[in-house]
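Pasting the structures in now, so scroll down.
Heads up, the next two complexes both have chain A, just with different partners, chain B and then chain C.
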Partner chain A sequence: MSTVLSARSVTIEAATGAGPVKLVHDVNLDIREGEILGLIGESGSGKTTAARAIVGLLERNVRVSSGEIALRGKTISSPEVDDFRNVRGSEIGMVFQSASMSLNPLMKVGKQLKEVVRRHQRHLSRQQITERLDQVLRQMGFTDPARVLASFPHQLSGGMRQRVSIALAVVTNPAVVIADECTSALDVTTQAEVVQLLRSLTTDSRTAMLFVTHDLMLAQDLCSRIAVMYAGQIIETGDAREVVSNPRHPYTRALLAAIPTWGEEEIQGIEGSPPRVAADWQGCRFAPRCPVARDECTRTRIGWTPTGTRSGARCLIVEEEEPESSGSMLDHV
Partner chain B sequence: MIRLILSKTANAVLTLLIASSLAFFLARGSGSPVREILGDSATPEQVAQLTAELGLDKPLIVQYGQFLLDLVSFDLGDSLRYGQSNLELIAGRLPASIELALFALLLAVAVGVPLGIIAAMREGGVVDRIASMLALLGQSVPLFWLGLMLILLFAVRLGWFPAGQNDGIDSLVLPAVTLSTLPMAQIARLTRSSMSEVLHEGFISAARARGLAGWRIILIHAFRPASLPVVTIVGLQAGMLLSGAVTVEYVFAWPGLGSLATQAVQTRDFPLVQSIVVFGALVFVLINLAVDLLYGLVDPRIREDA
Partner chain C sequence: MVAGRTILDVKALSIVHPGRRGKPASTAVDGVDLSVGAGEIVGVVGESGSGKTSLAMAVLGLGRTTSGSIDVDGIVPGPRLPLDQRAAIQMVFQDPHGSLDPRQSIGRGLRELRRLHKARTGWISDEDLLSRVGLSGDVLTRLPHQISGGQAQRVSIARALLLRPTLLLADEPTSALDVSVQAQILRLLKGLRDEEGLTILFISHDLAVVRSVCDRVYVMKSGRVVESGRTGEVLERPQHPYTQALLAAVPGGDARIPGLEAPAAEAPQVLRDELSQSRLATAGETA
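Up next, the complex of A and B:
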């Protein structure tokens, strides 16, 4: 299985009135063919910023200030490179939180789909385009593609609209799909439908996917791997089941404890609130809220500790628990 | 769609009624025109006779009823000064007014819309700043002053265009440019704000994420929804320019409705004033109606909701 998308030490800065702040700091990611990586984190932790950087959709005051993002080994974004022209919409597709954010309300679904195919697959004949649209809508679970193609977005239900958005992202057979909370706005049943769709997409088409969510249980269910973000940093990665059943970072543990389960008397929320975006900081950003933090947690630079071949955490305690590791700066691939 | 048309038409009729009534009462309120017509030397008998002839001795409410009755039978009465039917007078001046208004409006749209779009694409950029300065100027420079300046420069000094009157396309340029400044400024500002709002919408990011060409995103995805308020204001301005180019027509001695209105007011020709106002309101209402229906064509959601 080959790596499709990778991020190497990516730091993303925003220019603000009070100077530059780091929205994302030293992030490493790897997604392989047919793999779904769940990116988890509280509101404001930088998930959307990271996701948008991969599609080259950062706002004007935001930029990748160090590191690089590569697609199949070719750098598409770094402080020097900004080369999304040939990948956006063809190699990388994006699904947004709600369909109202991704569909043009004044354009029929068919026209919006055709537009993307025409842009990226110029060699297709009219007949072939029609066939492709029919095929992708059937793949998205529509039984009457012709009717959907002739509809305006507002004539479809919320779930249908979101499936159309996914169709728009995958109609060109991209290698990677970035989905930013694409199920959060849906009701439970529709959510299950969409999740099933995404799953079959990765198994059938071998698409790699970054699935951004704040729902740890959903991530465990859908994703092969999970990366947990806190205040702009990835603080733990690993196999999805492993992260949930055996979390290493105190923040991941706290997140799990905060999930309500049947029969449980009370849920344990995490005290305090995440730190605000900053230009720079020392030590662990979770330390002020961490139940097991010590003095040195706020003083030393916290390195990445590998806990397996493709897992690891950014925590002093984990570092001590892992005998063979020396708290190195190894990539958490 | 049928329901939309019906409800809009009812609205239009009501607006027209209110505007006409206003015109009627304002014209009456401005004093009797009889002295104006007969001059100071007229005897009381002559005054009384003309007052009776014009029906001004009847109670106001009766006059108003008569006015409304005439209105529904499309009778706008005769001008006091010209002794000619008001409708004919208006029809005679209309072509010149339409010519001027159309040209000014085309100019305003042709410059204002692209300027607004470019300004919105780079908010705070050079074009944006220049455009907002021009828009401010366009909205604050008095038209008569601008008109005179243009005449001084291009007609008197350079001799490129004639200073006034209507003969040929040459004479259209200066008044049309003058008349276009205010709508141009408004169109540019509105296009900019409307475009900038749409450009911040999620579906524009999404179109970008799909790798669509920049021009396609701007012109097809963004401008179409952004054009709705612009269409409205262009419609309103068409009405305004057609019946309200008073200053510009005066400065350039343009033989349109505006100068007819000026003369009518100066001579207290109240049936003519009244008729011009009613006509102006009619144009306004009709254009508004057209704009509303156009809205429905552009936006499928409006079409169905109504």
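Up next, the complex of A and C:
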């Protein structure tokens, strides 16, 4: 399986009145063909910023200050690649949280889909475009594509609208789909439908997917691998089931303990709140809230400790538990 | 746990929203019976459009009712209730920042409540009130944008507590919060019930949250209560197909719900098909 999308030591900074602050620090990711990587984090952890950097949709005052994002080995994050329009939409598709925000309310679904195909696949004839739209809507679980094509977004239910916006993202057969909280606004049963759809999309079309979410349990269901973010850094990665059943980083453990379970045990909140954005910092960002933190946690630079071929954590305690590792390898995921 | 007296008693409640511009009227709540005993936390779960918010608005006296009755410890909620009786039913909303005045400091907001409800609010100082919800007196001088979402939700709960409500309505009180903060708020509500006997009607779409705080639960679908009972029983041995489908759709269900074997999305596939078809059919009518 080849790597489709990779991020190497990506740091993202925002310019503010008080100087630059780091929103995302030293992020490494690899997504292979047909793989779904779950990017997990709470509000403000930098997960959406990281995802937006990949599609080149950062705010004006925010930029990738170091590191590299590459699509099939070709850099797409450097300032010279300013023509993102040819990459976005054809090579990378994006699905947002709110379908009603990503669809034009004044345009029928058919016209919106056609617009994307015409922009990126000019060689297709009218007949071929019609066939492609029919095919993509059937893939999205619609039994009567013609009716959907002739509908305005407001004439569809929330779940149908979200499936249409996924169709918009995948109609050009992109190599990667970035889905940012794309099921969070849906009811659970509708969410289950959309999740099923995303799963079949990656197995059938071999699309690589970055699934950004705050919901660790949802990520465990859908994703092959998980990367957990805290305060702008990836603090743990690994096989999805493995991370949930055997979390290594204290933050991942705390996060799991905070999720209401079905048993009788009390749920545990995490005391305190995440640190504010800063220009730079020393030590572990979770240390002030960490139940097992020691003095050195706030003083030393915390390296990455591989715990398997494609898993690891950013924690001194994990480093001690893994005797062979040096704690300095950069190749995270 | 209906050992104490009944605080909220809803009988055969129906709410029909009249159709506008030639559209047919829609029934939001359809013959609902529901009760909450003193010191109980009772959950109402359902998806969008199930009628749970229409029900809450009616209990609060803000929404219309078409037939049936609502009784909150001898008070019949409605828009013309005297100020003191209105204060007996308090509400905590989903978006904590949305329910606080952005230009009013937390302390000034509390002073306003004390001025309006002199007789009800003399029982506790601001500092003691805030410490009951786990906040320090420092927040009194802050404006809502200067505190976090979790802190703002604690302030909303404190504001409700100040008026010594006989019933607290919590409509999705943790849905806008991060999971680590959600856990703190759920513990707080549970603690207030355990220590002060607060009575809570807890509206949520999240079955796991309801499972962790509610004594009893009502499952609503299309305006009707399809199943009710003790939370443990309803969620562990669901009888109604809709409750079963809801449970099957909970992310990580197989890991979190004992006895549910198949991975969530694959679970009762027949039911999910049925559900999605009914949804497609309804959408088809408008399309």
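The rule we apply is simple: the second predicted complex is superposed on the first by the 324 of 333 C-alpha atoms of A that agree within 3 Å, B and C clash if a C-alpha of one lies under 4 Å from a C-alpha of the other, contacts with A are read in each partner's own complex, and residues count from 1 in each chain.
Following the convention adopted for this analysis, a residue touches a chain if its C-beta (ideal position, glycine included) is under 8 Å from a C-beta of that chain, and two chains touch if they have at least 3 such contacts.
Quantities reported herein were computed from a predicted structural model and do not represent experimental measurements.
After overlaying the two complexes on the shared chain, residue contacts for A:116 are found with chain B alone; chain C is out of touch. In the overlay built on the shared chain, the residue A:106 is in contact with chain B alone; chain C does not reach it.
When both complexes are overlaid on chain A, the residue A:9 reaches neither chain B nor chain C. Within the superposed three-chain model, A:300 lies out of touch with both chain B and chain C [touch as defined at top]. In the superposed model, A:255 lies in contact with chain C only, and not with chain B.
Touch criterion met: A:89 reaches chain B, while chain C stays clear of it. Legend: residue contacts after superposition of the two complexes on their common chain; A:168 is shown touching chain B, with no touch to chain C. Touch counts on chain A: comparing chain C and chain B, the chain ahead is C. Note: no residue of chain A belongs to the chain B contact set and to the chain C contact set alike, using the contact criterion stated above.
Chain A makes touch with chain B in their complex at residues 55, 57, 84-85, 87-90, 93-94, 96, 98, 100-107, 115-116, 119-120, 152, 154, 165, 168-169.
Residues of chain C touching chain A in their complex: 47-48, 148-150, 178-184, 186-187, 205-209, 211-212, 235, 245-246, 248-252, 255-258, 263-265, 272, 275-276, 279-280, 282-284, 286-287. Against chain C, the residues of chain A that register as touching in their complex are 42-43, 141, 143-144, 147-148, 151, 155-160, 187-193, 195-196, 199, 214-218, 220-221, 244-245, 254-255, 257-263, 266-270, 273. Put simply, chain B touches chain A in their complex at residues 201-203, 205-213, 216, 221, 224-225, 298-301.
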